[in-house]
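Would you mind keeping the following structure in view while I ask a few things?
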């Protein structure tokens, strides 16, 4: 396959993006689109620099990242522990697994006003919200990973007369790890999405709040630029976690 | 029952016109990242009407490519395929295909699966269900009409796929290793079943296989292909009495034929093996 | 240590454990509520929550707001779902288009959608339309992505079967492509419903004077904690039920296939 054919899709994708941007620019300049609703793409690009310099974006980015990492640590500890517990005590698992699955499908983040009452307008509310919303996938994936260990591997372990502890550390856990990493990554992404969302909603903290603030000031290019910035950050986050997961997963 | 006789009579009269397949100088090349590969190289043969012809060869001899070309699912080849003397391009109504892979529709039950081609040709529901039932009975699956493929064994699913192709009443039957995924016993018994149906419907049948026993058990003639590029190595007449059943596998004549074919095939198969090893080594070195 | 899914644990024992867990949780809650350890009213007594729940269900207001929210979400799912399905079919059907545009959808999918709310307000005003737009934007991504993936996952041999029987293009679509894609499409709609629901409701809590989100934020601003719990309970029950309902459409009787 030639280089040209391999590059064609990427070129088409990027090209379309540029063409749409240019068309928007022209339509707005021509007055076909109201520039008080959609700012000029060029203005938005310029506003990027402004929000980085004037709005303390680096600090906000670090704050949101820190909140996400704390929530991530919490879901790892609590989620994996609960998963192991449910896997170990079969009766508990039979009783609770459907509850956890049902909870995962509920709009948990709608509890943020409740958390606001309990923890106040603070980073604790934001972190706790991220933690609770991201917990179910971690538990479910831990369970799934442990339960899906191929029975032939378990039989291999039995044939070597492994103790239950050896069975867990040498067979069950290594077999479950890839699935557990999938759950942890999912959990981290959920946590990040919910944390940025709650920051925006309660107008407190890092990147989410920045968007709210700029929107309330009716700074159009700034709002668009800030949204673009957050999207870029989440894409980067998504990409990095994907890389880490691939790197951790045994080949 | 009157339906089965009606159907087989039907097939017999039209078979005289179109139950003859000609394959002339077929060449097929594939473009791969490593360059152009010639899969089938100048293959010619005929399948006489009502005949059971098997094509046998090691993996990589292009027999599945040939199957897809004759069935009209693969284009862009040199040479021509004729049915009843006329050149065909693309699929042809007289040809029915049975695939190697699991090919039943998982969302349809057995009855709906078998009725599929009749649905495509626009038969009313009652009629197509009646015909489908007949062919379900033919492959011995009475009572399973309402089951879904997931509830059946692999052998039963393949019988559904065969019944589905038969339901379209093709004068020419193409089968690409239809028994490959089955165990040896099921393979022998299902082979009997297919042979019985083929003989009673007088269908021209082309079977692609890599199993020598299966080929000798079923065929009038066997075409042995060479390993890459696929060429015709030899065509062997199988002079075993008909009607045949799988019991024939214990006869001396059968053993003689198997040995004869294996003699031809051994050289090709070992060429294939060496080639695969060389490929694996090459990949390992990269 | 035994392995694999629970075998032998009788239905009866599971029920007993479930009831026991619920009773323990309720008792702990009540004890916490009566102890006065937490700020007043953060953990209301069970009876207070029950009373608020009954009151809520008796108010006609509740059903009007429920109607608004359900309407918004349904419309969002319709708009986002149909556009997602079409885009997904396009991306799944063409290798070039898929390679060119799917990476964008793949990476934009898991970004927080609520941050687009200010833009939606500018475009569609402060009324229900902006909530519908945000919900549609949210559910577009999972539905488009799973449709595209589903289309590529169709077993190639099933397509060859259809062609060998000389099915027309429209027969191929209705009798082969769509049935074969049923599971991924339903799963996409299920994911889409989840995110559309969250986006719509969060938007309602941010800026609205009707809907379930508004009820929650209203309870918050009047510091009526029992009522907030009551609204949340009703909301979670409805969300879980809706999700389970869609799940029922998912699998043809072939869950054991492959």
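Just so it is clear, A, B and C label the chains in written order, and each chain counts residues from 1 on its own.
In this text, a residue touches a chain if its C-beta (ideal position, glycine included) is under 8 Å from a C-beta of that chain, and two chains touch if they have at least 3 such contacts.
On a predicted model such as this, the values are computed, not experimentally measured, just so you know.
Which two chains touch most often is answered by the contact tally, and the pair is A-C.
The innermost chain, defined by the distance from its C-alpha mean to the mean of all protein C-alpha atoms, is C. Averaging C-alpha coordinates per chain and comparing to subunit A, the farthest chain turns out to be B. One inter-chain figure worth recording: subunit A and subunit B are separated by 51 Å, centre to centre, where each centre is the mean of the chain's CA atoms. A straight line joining the Cα centres of subunit B and subunit C is 48 Å long.
For this pair, subunit A with subunit C, the centres built from the Cα atoms lie 17 Å apart. Residues of subunit B touching subunit C in their complex: 68, 71-73, 91, 93, 95-97, 99, 101-103, 105-108, 116-117, 119-120, 148-151, 168. The touching residues of subunit C, counted against subunit A in their complex, run 1-6, 9, 13-14, 17-18, 21, 38-39, 42, 96-101, 103-104, 107-108, 110-112, 114-119, 121-123, 194, 197-198, 201-202, 205-206, 213, 216-217, 219-220, 223, 225, 228-229, 232, 235-236, 239-240, 243-244.
Against subunit C, the residues of subunit A that register as touching in their complex are 8-10, 12-13, 16-17, 37-38, 88, 90-96, 102, 105-107, 109-114, 116-118, 147, 149, 151, 154, 164, 167-168, 172, 189, 192-194, 196-197, 200-201, 208, 211-212, 215, 220, 223-224, 227, 230-231, 234-235, 238-239.
Every residue of subunit C that touches subunit B in the complex is listed here, in rising order: 155, 157-158, 160-161, 163-167, 171, 175-176, 179-180, 182, 252-257.
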